[in-house]
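Letters A, B, C and D name the chains as they come in the text, with residue numbers starting at 1 for each one.
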Amino acid sequence: MAPIRLGMVGGGAGAFIGAVHRIAARLDGDYELVAGALASTPDRAKASGEILGLDPARCYGSFEEMAEAEAARADGIEAVSIVTPNHMHAAPAIAFLKRGIHVLCDKPLAATMEDAEALAAAARESRAQFILTHNYTGYPMVRQARAMVTAGDLGDIRVVHVSYLQDWLTTSVESTGVKQAEWRTDPARSGAGGAVGDIGTHAHNLACFVTGLSVERLAADLQSFGPGRALDNSANVLLRFAGGARGTLTCSQVAAGKENALTLSVHGSRGGLEWAQEEPNVLWFTPYGQPVQRLTRMGAGANEAANAVSRIPSGHPEGYLEGFANIYAAAAAAIRKGEPDPDLPGIEAGLSGMRFIAACVASSQQDAAWVGPV
Amino acid sequence: MAPIRLGMVGGGAGAFIGAVHRIAARLDGDYELVAGALASTPDRAKASGEILGLDPARCYGSFEEMAEAEAARADGIEAVSIVTPNHMHAAPAIAFLKRGIHVLCDKPLAATMEDAEALAAAARESRAQFILTHNYTGYPMVRQARAMVTAGDLGDIRVVHVSYLQDWLTTSVESTGVKQAEWRTDPARSGAGGAVGDIGTHAHNLACFVTGLSVERLAADLQSFGPGRALDNSANVLLRFAGGARGTLTCSQVAAGKENALTLSVHGSRGGLEWAQEEPNVLWFTPYGQPVQRLTRMGAGANEAANAVSRIPSGHPEGYLEGFANIYAAAAAAIRKGEPDPDLPGIEAGLSGMRFIAACVASSQQDAAWVGPV
Amino acid sequence: MAPIRLGMVGGGAGAFIGAVHRIAARLDGDYELVAGALASTPDRAKASGEILGLDPARCYGSFEEMAEAEAARADGIEAVSIVTPNHMHAAPAIAFLKRGIHVLCDKPLAATMEDAEALAAAARESRAQFILTHNYTGYPMVRQARAMVTAGDLGDIRVVHVSYLQDWLTTSVESTGVKQAEWRTDPARSGAGGAVGDIGTHAHNLACFVTGLSVERLAADLQSFGPGRALDNSANVLLRFAGGARGTLTCSQVAAGKENALTLSVHGSRGGLEWAQEEPNVLWFTPYGQPVQRLTRMGAGANEAANAVSRIPSGHPEGYLEGFANIYAAAAAAIRKGEPDPDLPGIEAGLSGMRFIAACVASSQQDAAWVGPV
Amino acid sequence: MAPIRLGMVGGGAGAFIGAVHRIAARLDGDYELVAGALASTPDRAKASGEILGLDPARCYGSFEEMAEAEAARADGIEAVSIVTPNHMHAAPAIAFLKRGIHVLCDKPLAATMEDAEALAAAARESRAQFILTHNYTGYPMVRQARAMVTAGDLGDIRVVHVSYLQDWLTTSVESTGVKQAEWRTDPARSGAGGAVGDIGTHAHNLACFVTGLSVERLAADLQSFGPGRALDNSANVLLRFAGGARGTLTCSQVAAGKENALTLSVHGSRGGLEWAQEEPNVLWFTPYGQPVQRLTRMGAGANEAANAVSRIPSGHPEGYLEGFANIYAAAAAAIRKGEPDPDLPGIEAGLSGMRFIAACVASSQQDAAWVGPV
């Protein structure tokens, strides 16, 4: 099958997440990167494009120019990856969706609810698909967990704890020229949520994806540690799910000792599950009253949902890039098939994430009052 | 040194925690059990005493009788362990304290705040010491953690997560004759808190013991899962500590897959610590900006606070009973020295635990309003 | 039941293993230490006895004196613990066995095969019991493993790997006044085996205890690292078991980074087991073709063999001292019953251990030729 | 930079390792697969090529045809991946090397020593490079370990244990149509070594790569478990390294409970290292006398050697495919630069692996006599 012609907005030299998207797109051979608006000035955009081997004619200085030019080409891009800071998601996404170009967009959906809603409207009107790269849902054992909950292996869900802890903002790196830290601590570019927007949305999405539940109400206590910071970098949130389950969501970027510790545990009337992103090939399952089982990707206890997104045998660890690539591969399949994949996060998941951020901020401003639904 | 003559109230045949206290008392040779009011009828009390090899003349049918008789003997007990259900802590403790007999009492302090305060008054007036067996504070690596926080190894404490998850109430075992489950799910015997009283108090105590901080305010969401249950068996609590640290406390007795999962993580401006009760000989320490260190009991990174309560070399695991025995050993030393040990939980820790339970219940009744200080 | 009157040979102030034996004897209340020949001079023996609260009249300057005097008392010791260096096991053991006093003796059996055989002869002739404290067999999950192999859960045993790695001899501590290191690196006191005698025997015993197999032939490569050392401190051994299983035994006291890493894995035609002494409450079991199970002491998958030697619920870690105490408790039961417990290591296990040491040394001297049976 | 034009021999539909090589080649965008002799009949070769989107004109029915045709094209392949069973490595490799086409070849080098030597001669004469995909050396933390040993962080190496355990041959899957099992248990296609050739060579290579040491002598005990098997599926090997270090190598394909458990531990006079392939982002380091450190890929303790082959931040797990891709990326760099990369396994590592297999087989036939050097 011919690869899908892909463009990219953002992700110029030095940007972490752009490189990740490119590897994810490349890993299974489903895409060919052929155009980009990789940086915010024409010169830097071209320079970044050259490093990636792009045709200079298709290295654009702005997403508007790119959208217009590519839509006009017979061999124009069929899909575009948007990997800019949050405040720069909506406008390009809308521009491409309007032209029938599929969009793979980094999360969260936008920096403001207004932008998010405009983007949602564009997505609903477009004949093109919109995929939000909540990449952690691409991990095989996350897919397995979701399928097990659906199959009733846990019974009624009672208790859900999800946590996403990092420590890279322990010190004031945003003042030392670290680009990642600069925009992620800046409300103008990140939106109203700091940690809750950057990583809390992943945690929220993961908990909902696996349990199939939505958050009815939440009570959030946001805090910013370190001098002169405008956005939360730590949040503790009580969760009440539709259907009666209770839980917590905690996230922090100042949890010294934690690298990228996204963990989920789900406990029901018949069993429990635990998963940790840093050991992604393993899912711990307890059928209540029996020993804990160590389920492994492609191992004896792996189910079809996990196997469908696995490439190599058990004991051969797949990682973050493969999980990310699963989003890209499923998007390619959905684009080719012409209909959305229900396992892929899209505009609704994105809006839910935006409501989550807004609810956390609003709740915290009211001293952790209950807010919802999300 | 001659062992301390010890009595026991409660802990007759079949009771889990009575056996634990007896082993803890025996392990270092500091006590000799010589009397007991082990059960609530004279016959069963004598029968239990016989199994333990007690002099039948010192097997009493009630704690009142025992307190009176033992106080009158020249060779009467010097200390007593109280291992009854919560609602039966205060009265015997008071009876022995009044007679100058040292008390080692199971937690929580009492079933009601009134009882707790009466007991506190008795303790303050007594020449005898009162020790609350918050046994998890006896683990060497918990002592190490506390000393490291005190020494400033973590800098300013920012984020504290403590969690205590079990699953033994996942099904309705209280209806099947399991004594432990019967009284622990009964408000008349347990008090107003279910999980928050039984295990939440341990979690609260552990977090405060290690960080040296107190909880200024908390917002609690308590829930009871399973049919016909009067007490909470799951709780999610937001914590605000004096001095500005934020955190969560979660506890559950219906977390399928969890045995006795008490875990603590503490993150500060200079480093982080993590500890898990089920792997008690290890403390994970991250001096921020350096690799995570695996500190082990009596290992290369163990400090004096840990070594002082360790018996055997690194790599030779000590466990729950040794941690419990450390409370007994320190109590023996304090009794012999005639002055309380500041590292031992006493009446103030007990009152704080009672305030914690009351605050959780009150907060939850007000839909997780902030309550405090604790 | 009245405790068994116990004496001790060796184990004076500062000796690690003496203290361990005393705690093990005390933990379940089955013994009362009443006499000792704790050190090799009368003065130090008395001083050590005083610390332990022994009657000065029963603090002896030599084991001969003690054996004679105690045998003559109506209330003389019924059992004795021998916790001296290896070369001082046989003589006292024989002296007590001859007088009908039960012996609990530290491993290995002796420093020489001649001593071992003399001791074996005495044990066979005595009406008293002889127990060798191969304490690792006392761990509940080791008992569980043995019972599972016996029950056929693993099918035919094929591959056995046992390893015991420490690092305390990485540097020349024997020259710095560390008593443990002094005698354990001295052939006159340790015997012909260094690491193979001190820890290799534990590994050999554990593998045989769990699998029920004996070593038919072995090929050993012994080595001494560090200057001026007379005894091996590292050994790599190929094993061929009766019945066809193959395996390795490795041990080292210079494996930098290892504290007390005794590990065993057993693989059969139907399943596999793994156990690690530093995480003793867990046994990993794979019924072939199914997920790995995490079996825990007193947990859902624990069997009767494990439960019979457990004191407290799952999730409440038991450790080294409890495992050691299980040997003492079983010995007490066997002494009271008047017949040996087949699960307790005795003289035959001890002789096998001596043959193991001798075979390792002989094989290594012949450049790792096959030697056996063991 | 334009991608390197790549061909592939073997790796048709359904072959595990062919897919791995293709992903590895694609992941960093350094190669474009343009030709293949993917299967042993022209029809199946074309069918496999079609699935991969190859030009039908460049889907060849034999490697000879492919070598000739591609060498004749101006846009012919610059490099070729050889992913056939072992007995089919040498002939195609020689054919391409002779034509100056770079070869990336799966391990082991060949099925026989004769083939290996012919291939080595061809490699030495060729202007093209030869890379053996000992992929485990591509893991960042393996690179880190090697650099740490070189830097002297471990002092003099004393003890090395390497182990590679799997369980996929526990039952007789080779009789059930599993292609992988068929050829790997067939001496005609695998060569004289079974487990020692398939996975033992990886273990041997890893130990030598990290320590920088070569095996001077080995004593091997090979065994075949299960009915009717011609090749070893379990091996236990004593190792003596040049310079005095001692060790063991164990491998098995019948170790029930093990998926792909390649582990290495190295202990020296100043410190120790441990690494496990199933948790590849972590390296455990003990500077002797200090706590164990958990070094993570791109984490605080990562060195330049590791960072140079890492793509994404710490806590974002990289896996098997990224490690494999590191071999391909380094090969691309070496090809472009025109000179071999000393960190890449080549013909010498391949010959050493063949000597290792031959030595294991010879030693075992002589009842584990010492054989070497390897």
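We adopt the following convention: a residue touches a chain if its C-beta (ideal position, glycine included) is under 8 Å from a C-beta of that chain, and two chains touch if they have at least 3 such contacts.
Here the structure is a predicted model, which means the values were calculated and not measured.
Visitor: Does A-C or B-C have more contacting C-beta pairs?
Guide: Most C-beta pairs in contact, of the two: B-C.
Visitor: Of all the other chains, whose mean CA position lies farthest from subunit A?
Guide: Here the answer is chain C, farthest from subunit A.
Visitor: For subunit A and subunit B, let me know how many angstrom lie between their CA-based centres, rounded off.
Guide: Computed from C-alpha means, the inter-chain centre distance equals 42 Å.
Visitor: Averaging only over C-alpha atoms, locate the centres of subunit B and subunit C and give their separation in whole Å.
Guide: Going by mean C-alpha positions, subunit B sits 35 Å from subunit C.
Visitor: What is the distance, in whole Å, between the centres of subunit A and subunit C, each centre taken as the mean of its C-alpha atoms?
Guide: Spacing between the chain centres: roughly 55 Å.
Visitor: Give the residues of subunit A touching no fewer than two other chains, as numbers and ranges.
Guide: 258, 284-285, 292, 296, 299
Visitor: Under the definition above, what is the set of subunit C residues touching subunit D in their complex?
Guide: Residues in contact with subunit D: 154, 158-159, 161, 163, 165, 167, 170-171, 219, 221, 223, 225-226, 234, 236, 238-240, 246-248, 250, 252, 254-258, 265, 267-274, 284-286, 288-289, 292, 367-368, 370.
Visitor: So in the complex, the part of subunit D that touches subunit B is made up of which residues?
Guide: Subunit D reaches subunit B through residues 284-285, 289-296, 299-301.
Visitor: Which subunit C residues qualify as touching subunit B in the complex?
Guide: The contact residues of subunit C facing subunit B are 1-3, 16, 19-20, 22-23, 26-29, 52-53, 166, 258-261, 277-281, 296, 299, 311-322.
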